Structure formats: C-alpha cells, structure tokens
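Next, two complexes with subunit A in common: one pairs it with subunit B, the other with subunit C.
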Partner chain A sequence: MRRPVDVGDPDRLYTVTGGRSRSDGSSFDLVTLIVAECEPAVGQQSEHARILELCRHPTAVVEIAAELSLPITVVRILLEDLQATGRITPRHPRVAASATLPDSALLTEVLHGLRNL
Partner chain B sequence: MGSATSELPSSRTPLRDTAENGLKIVVVGGFGVGKTTLVRSVSEIRPLNTEEVMTQAGAGVDEMPESTGKTTTTVAFDFGRISLNDRLVLYLFGAPGQKRFWFLWDRLFAGTLGAVVLVDTRRMDESWYAIDRLEHHGTPFVVAVNRFDDDSARHSLEEIRAALALPAHVPLIECDARVRSSGKDVLITLVDHLHHLARERELTA
Partner chain C sequence: MTQPADRRPDRTSNTRRTAYTLPVCLLAVAAVAGAAVTALAPVDARGWAGAAAAGGWVLLVVAVCVGIAKANGLRARAAEAEDELHRIRAQLDSRTAEDMGLAQVTVPAVARLAREGVAPDEVLRQTRPPALPSQRELLRVCVTALADSEHRAAAAAAAGRSAADDVTRMSDDVRRLATETLPAVVDKLRGGASVDRVLAGMRWPQDPVLRDLTEAAVRELALSERRAAAAQAASAKALSRVQAKSVSMLADLRDMQDRHGEEVFGDLLAIDHSTSQLGLMTDRLALLMGGRSSRAWNKPIVMESILRGAVGRIAAYQRVRLHCSTRVAVVGFAAEGVMHLLAELTDNAANFSPPTDEVHVYVEESRTGVVITIEDSGLRMSEAALRRAEESVSGQMTDLALLQGTRLGLAVVGRLAVKYGMNVSFRPSARGGTGVVVLLPPQLIAQQVQAERAPATTPAPAAGAPALSGADAVPAPRPAGDTRTAPAAHTAHTEDTGTPRHAAPTEGTGPRHAAPDEHSPARERTADGPDEHGQVAGHARHGGTQSTPGTPGAQSTPGTPNTPGTPGAPNTPGTPSTQNPADGGTDGRGATFGGLPVRRPGRTMAAAHAELQQRQAAHACGRENAPRTPGTPGPAAGGPEATDGTGGPDGTAPGGQRPQRDIGASFGAFHRARRAADESEPSPRAE
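This part shows the complex of A and B:
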C-alpha cells in the first residue's frame, strides 16, 4: 500500500514559507504551467532554486508539489514569491470563462488528442 | 514516498516547451477501486502523489476533536498526465471519494472538464456519495464499472444503473482499468458526453 507523501513536520513548512500559511488568492491552479525565466542563483532558498530547475520546461503546479514533496498550498506561496520578482511566468489554464462547461471547440481538440493516443 | 525528491531530475519527462493550457479530469472512487490503475494505464508519466493540507478554521471544514482547537484537512491524491497536442496537456487526478475530500473540491478541482466515477460493484454504496456530490457541484460525469475478475455476481449495466439510481442521460460503461485502450475509451466516453452537453448549450444560447 502506498503511503501518502511525507510532508514533514509543520515547523518545516512554516520555515519554508516564512510563516505564511495561505496564499494571497491570486492563486495558481493545480494545472497552471510554470516556466522559469532565469537559472537558480547561489544563496537562493533551496525550494525556490528547485522550482526554477524543474521549470526550465513548463511544469504544472501539481507536478512541482509532487517533486518537492510539499503540499499544494505551500508551493503556491513559493510561486507567488518567484512571480513577484519576475523569475517565473505562469501559463494559466484557459477553460471557457462561461461557468461550468468549456466550449465544444476545445472539447473537439481534446477528443482528437485522446483518439490519437 | 520520500523517494520523489531523491530521484535525478533526468528521470522526469518534461512537457514540450509549447505546452500552454492545462486541463483536468478527475477520477473519483472508493479505496481499492482502481483509480491509480486507471490513471497509470493512460498516463505518459508514472503516476505521482501529492497532498493538500488546510490548517485553518474555515466554515464547513472537517470538525476535529475539540481538544485540538483547530481544523485540519489533508487530502492525498495521485495524478498522471497526457500531452494531447503541442499546446494542450490533460492532467488526470485520482481522488478519494471520502467526505473530507469534497471540502477541498473547489480549491483543487475548480475548472475541471468533468469526472469519472469508478465503481466496484461489490462496494456500490461508496459510489452513491460521489455521484451525489458531483451533482451538487454541477460537475458533469460518466460512470465506469471496473470489472474485477473475481466478481462472481456480474451484474448487468441495467442492474447497476438501477442500483445507483443513475439518470438515463449519464453514460454508464464497463472497463478494465488495467488496460490502456479501455482506460482511453473511458476518457473518450466522458469527453464525448461533455462535447454533447457543450453543443446543446451552445445551440440554445
């Protein structure tokens, strides 16, 4: 049986985020794709450096969380730091603005992709 | 699962640099019903596992024993990935159907295209709650019955539809979550259903 990710003790999470426990709401979606705009720098917080490394190619928020073994919330906070200093660019998901259903054109594209698997 | 961080970065399969639009489909079902198996059978990466933790007093969040004085909700889930084309990437989430999970639905799965309810006919009661919650959230879904070899009863789809009190417009199919083509058919059935709903809406708009 698989064990859930070990997220470490709460103190570690507290340290990683500098004591912040919630993001400011400008939130990153689970599937927002993050792209690094620069290389990790010496002396940078190690979590920030790892994110910049991972995001040399577009990487979803949820993949970053899994690779860093950190909860989504913590990763969102770290990403806000990096975005505030221009070190990443988020590619937010673009699903139809209109409520619950995406438009049929997008779904046609998804179907096409699935059939070609 | 501490191994996730000890692996070399080169073991990851990065997305194409042109990838720009992430999409979500959620597979919901009880413990052991085969969610991870289904995700694995269609994913281009080995399924990864992650967690969301919520530690604050929030309305409607799990009631913790009063002695702790705070509310904490932790939900672990698996996910896999399918690159649909140069721009579109579909993420498939295997999510537990338990109660605390639904408190985090909006936070985790807002904007999801739709959901697959994976059913084990030997434990059908676990599916009722998931179906009820998806209806509540207005998330379109299909129901897939994972056929287990040792399921002696072999209920027909009609019997299962009746047992789940599933409306006629919700697609109900059989699958073998271990088989890639079968998993792929489940996803196509869902997206076909969504496409149909979207067309209906567009024509009446």
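This part shows the complex of A and C:
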C-alpha cells in the first residue's frame, strides 16, 4: 500500500512551469533544433540552465524532453521562456524532398527484419 | 479567741454581786422602813402595823428570794447559752480553718496528684484525710470527679491528637498524590502502560477513602488516555491510507502528464495541484496525530526542488517567488520535513498577505547552515501575535489540547523544527509584512562530494580520467546524490568483475549481480535500486535527470559507458579471455555472425548498437595491449555497467508492467548513442 520511499522528484510540473499548462505559439516542433545563445547563468531556474547546457550543440526538442524527463508541453513552455529572453534560437527542420526518403513500406520491412534478427 | 472565755467568770461574779446587792439593799431599806413605820405608828396601832410591816417584809423577802432564784436560774442558762455559743463559734472557726486548709492545700494537692494520673484511691491514701467525715466524703467525691474529668480530658486530648494526626497524614497523602503519584501515573499511562500495571506499581495513599478515590481517578484517566490514544491511532491509520492514496494519485498524475498531450495537460496540472494540497492537509493532520509524512526521500534533494515541492503544495503557489541560486541539497531523511515546514510557512505567508502581493522566498548559505527567509508584504504581525507564533513554532506546545481551532500549521512547524533541529523565527519584514527565517543546521545539508568523484571513479589513469571528468562536466541536478552513488557502483562492479570467469556471463546476469550490491552497501544507492526494479512513478524522471534517461544503471558514470572505447580502449586487459570478464559472454551475443547488433526485447536498437561498438573497440584494444592490466576492474567495470545501465530500465520493461512512456526517452538514448559513436574516442559528453 505504502511505498517505503519515494524516488521521484518532489517538484510538481506546475511549479516548473509556474502554473502554465499551454505553450502559446507552439513554434516548437518535436524535432526543432534548439541552439543556446548564451551560457547558463547563476540563479536561473535549473531546467533553463540545463536546456542551455544541452543546447550548446543543436539539440532537438524531443531530446531535451528526454534529457530533462519532462513532458514535451513543459519543455515547450520552458523553451518559450528562453526564446522570449533571446537565450535560444530554434532551427526548424527543412522539409526534405520526398524523393530522397525511402518508402515507408521498405522501412517497415527493414524494421521487421531487424526485429527478427 | 480564747480570751472571751477567760473573761467570763469575772463578768458573772460582778453581775451576781450586783444582783445580790440590790435585793439585800432593798430588803434592808424595806426593813428600815417597816421598823420606822412601826416606830412611828401610834401605839395602839403599833401592833398590827408592826405585824403588817413584818408580814410585808417577809413577803418582800420571799419575793426577793424567788426573784433572785429565778434570776440565778436565768443567769445560769444564759451562761450556758453563752458557753454553747462560744463553743459553737470555736467549732466554726476550726471548721473554717479546716475548710480553708482543705481548699488551699489538700484539694490542689489532690488535683495535682489526679492530674498526674494517680488512681483516686491512691490519691486518698497519699493525702492527709480531713478531720470531718463530711469533708472526707467531700474530698473523696471531689477526687473521684477530678479523676474522672482528668481521664476524660486525657481521652479527649488523645482523640484530638489522633484527629490532628489523621488530618496531617491525609493532607500529606493528598499532597503526595497530587505532586508525585498522579503525575507519575499520568506519565506511565501516556507511555502506554496498562492500568493494572500502573495500579500495581503506584504508591498508594493510606487513607482508604483516598485510595478508592485514587483508583477511580486513575482508572478514569487510563480510560480517557486510551481513548485518546485509540482515536489518534485510528485517525493516523486512516490518514495514512489517504496519504498513500494521494501519493499514488500524484504518481499516476505524473504518469498521465507524460503520456497525454497538451489538450488535457492543464486539467491534469489542476488535479495535480489539488492533490498536492490535499497531501499537505493530510500530512499536517497525520503529523499532529503522530503519524508519518506521506512521502520519504532517500536521496538528497536540491534546494530548488525542496522549495518547489513546498510551494507546489499550497494554493497560492503562483504568488510565491523563489530566489534560489544555491545548489546545496537537503539530506533525504529530512527533505520531506523541510518541505512540509516550508509549505506551512509559505502557506501562512500567502494567506496573510493581500491576494495580489507576492511572497518572496530567499535562500542563502551561511556558516551556520542554510538560511531560508520567507517574506510577505501583508499585515505586520502584532507583538503578541509574533510571540504567539514563536511559541507555537518552538515545539513546546506538543499537546493536542493546546491547539487553537483550525490553526494547526504552526504547531506542525514546531514539531518538525524540533524534530530536525531547525530554527524558525519571526520578525517584521522589510517589505512591510512578516518575515520568517528558517535556519537549516549543517547536518541537514547533504555534503558536496563532487571533489571525491574523480579519484574514486578512475582507478586506472589515461583516457578514463578525462572521459569521466568530461562526464562530470555535464550538469548533474543532484550533485551529491549523483556522486555519492558513483563509488558504490564501482565497488559493486569491481566485486563482480574481480573473478573474471565468474563475471563473464551476459548482460542479463549483470544487473542481477549488481542488484544485491546496489541495495545493500550505500544508502543512497537504494534510491536507485527500486527505481530500476519496477518503480512506476518518477522512474524516468529520476533516471533521466541523472543525465541519461533510460539508463538508470548508469548513475555513476552516465555518459561514459555508452561511449565505445573510452574507458575500455586504453585500459582493458589484454587477453581476450581475461579481457572480457564481463563482456566476453556478451560478445558472442552482442552481435550476430553478420556483425549486426543484437537487440534484446525492450531495448533500443541504439543501445545495442553502442554496446556492440564498445565491445568491439574493447576487443581491439585488448588485443593490442595484451599484457596491460588484467585485473584493473575499473574501466572493465564501466563496460558491464554500461550494459547494465542501458539494459536495466528496459530490462524491467519486459518484466512488465510499464510501457515505454516517452518517445523522448528512446530518442534520447538513440541520439546519445549515435553521437557517441560518431565522436568515438575523445570525451564524448564534453560536447
């Protein structure tokens, strides 16, 4: 019934976002690459600092979410904060020419093949 | 007194003489007169005259004689009466004297004797008996009465003394009962002793009535104590269920927040917030009822998380501004207490300030610990209110009976402050409201063991060190907890790989070997233990924030294991047989004959790929510098650890219940692995 210990973190997500639950612009796609424009500063929210550190190299939004173990929504909100202050720059993915992409059926087959290995 | 008796004869002779003289004279006169009359009478008449005179004289003589005789008789009687009178007077005098003697001498002596307790007969024998029988009788009666009354007086005095003694004893009993016995009994009863045991062990008053009263009082007291204890225990028990429920709700909510998209995210957050507030309320009650907090952390929690965790439990969390630039962490056992305390104080501050004003929380490190200041701009508390607040947070008011209505928060703060040795003080705030200063003593602050980390994790020099320090450079949200696990992990694995052949088996056995070590040696380790093995809530968060999501096993050296060759390349022992104590077996399974990586169920392809590459690199290096260090376990341990790490979380997944929660996790792992593979040798995490 009662777990002996808690292993998560005590901070709830609404405290991370300051109560916001929705990103306004939603200009951040899952695969948008984020680049930090400055170093993390002392006194910053720790998530902001971590994002800035992660994004010294271009990093996808989804990967930031994975690194921070936060839902995408929260990461978007945090990224908007950073973008509003000009600390990051998003790089939206180019839409590749469809010809260069392999057929999805082929990909599925490869996937099955790999699984069957 | 005797003189009158002497005078008496003279007087009687005088009176007798006069008494005789007068009649004689009268007779003589009468005779003379008769003679004269006879002489004078004519001659013829002289005869009868003489006869008459003689006759008259004779008559007179007779009368005088009779008179004298009569007088003598009367006189004799008078003398007799006088004598009688004298005698009686003398008798009276003597009796008076005796009476006086009796009254002034005898009776006091008798009284003294009687008072001395001599028996009445003895008293009479010792006393000179009075002359008169009446006096003797009187004395006897007197002595008897005196003895009787004396007896009664003694009895009365004894009764009075015993009564006074009784009163004294009873008052002593009562006093002892009030000052010693009853407090001791109350203490024992509060301590949980049974009423019979207490009654058997207590010091009874002597008075039976008091004894009955005491027994009745003690039994009643025991009953009410038991009732109170039962009520407390019942409510604590019930509350613990509520607590468990709310904790699991929070975990579920966190899970949902990860799984569901933006459309319900806001609602989930709202429910989350309500549940957190509920948790604060139940925790508050549970603590007051002698229960426990709903949560317990066994790893250090950084101050920022402490503050957020505290603020997240109050209604007006959006009005609270946190100013926290320190990276200190609070030790796990006290983290929940600190959080609850801060939540209560922040809640107080938010409730007593205008709904538009902000509450500011400052954290600063000082020599004496960490100082947390909560300032509001609400009403300035009056002196009395400040004093009352100080009193209630001093922890002295531990009795539930002293609680005022619904103002439970500060009482809880007091208990927590006493429990963890925190110091809470109130003062007027510079912002206009009230400031609360909380001092966390140094023993509640987790030690920063950052410095120990590098030497501990690099038993072998060369490339291992930079690689690890590169990994170090990656910001770890919980430095203390993170680093503390590092040595433990390594020792665990050195033990594993110390016997080369034994440790050779596949990755599958790796975690199994590591698991017992993980749980036992270091306490911080156990935080990760349950995490790996099927903990639902916060699993990915925890593992992820360490640095590599989905690789909880990699707590110690998060990035390194995934970088093929970094640790393994230079150091791994040479001969293939010894070189891969842990890897050897997996090498066979790590790749197909065609050279493709083998992916275990539930693991990402990327992880398998990285592992394979690493193994190959290790192989290569091992062959190159064969005689190097067959025994150096450190880097070799890095290898299996990595495999454990990547295998760990997903290894739990097939065991079951937990679906892949976040596509981000697998993507992150893949990305990392790819990046590591691309960048290969040099410090991969130092990007």
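Going forward, the second predicted complex is superposed on the first by the 83 of 117 C-alpha atoms of A that agree within 3 Å, B and C clash if a C-alpha of one lies under 4 Å from a C-alpha of the other, contacts with A are read in each partner's own complex, and residues count from 1 in each chain.
Just so it is clear, a contact is a pair of C-beta atoms (placed from the backbone, for glycine too) under 8 Å apart; a residue touches a chain by one contact, two chains touch by 3 or more.
In this text, all values refer to a predicted model and were calculated from it rather than measured experimentally.
S.K.: Looking at the overlay, does A:51 come into contact with subunit B only (first), subunit C only (second), both, or neither?
M.R.: A:51 contacts neither subunit B nor subunit C.
S.K.: Name the contact category of A:88: first (subunit B only), second (subunit C only), both, or neither.
M.R.: neither
S.K.: Using the touch definition from the top, say if A:42 reaches subunit B (first), subunit C (second), both or neither.
M.R.: second
S.K.: Does subunit B (first) or subunit C (second) touch A:15, or do both, or does neither?
M.R.: second
S.K.: Output check: A:62 vs subunit B and subunit C. Expected answer is one of first, second, both, neither. What do you get?
M.R.: After superposition on chain A, A:62 lies in contact with both partners, subunit B and subunit C.
S.K.: Regarding the shared-chain residue A:102, is it in contact with subunit B (first), subunit C (second), both, or neither?
M.R.: first
S.K.: Based on the superposed arrangement, let me know which partner A:114 touches: subunit B (first), subunit C (second), both, or neither?
M.R.: Both partners, subunit B and subunit C.
S.K.: Same subunit A residues contacting subunit B and subunit C, which ones?
M.R.: 2-7, 10, 13, 21-22, 53, 56-57, 60, 62-63, 65-69, 71-73, 114-115, 117
S.K.: Can you check the complex and tell me which residues of subunit A touch subunit B?
M.R.: On the subunit A side, the touching residues are 2-7, 10, 13, 21-22, 29-33, 53-54, 56-60, 62-63, 65-69, 71-73, 91, 93-95, 100-104, 107-115, 117.
S.K.: Which part of subunit B faces subunit A closely enough to touch in the complex?
M.R.: Where subunit B meets subunit A, its residues are 1-2, 4-5, 9, 12, 14-17, 19-24, 36, 42, 48-56, 74, 76, 79, 81-85, 88-91, 93, 108-111, 113, 138-140, 180, 184, 187-188, 191-192, 194-195, 197-199, 201-202.
S.K.: Which residues of subunit A touch subunit C in the complex?
M.R.: For this pair, the touching residues of subunit A are 1-19, 21-23, 40, 42-43, 45-46, 49-50, 53, 56-57, 60, 62-63, 65-73, 114-115, 117.
S.K.: Would you mind writing out the residues of subunit C in touch with subunit A in their complex?
M.R.: 240-241, 243-244, 247, 250-251, 254, 257-258, 261-262, 265-270, 272-273, 276, 295-299, 301-302, 304-306, 308-309, 311-312, 317-318, 323-325, 335-336, 339, 474-475, 477, 526-528, 530-531, 535, 537-545, 547, 549-550, 592, 596, 598-599, 605, 662-669, 671, 687
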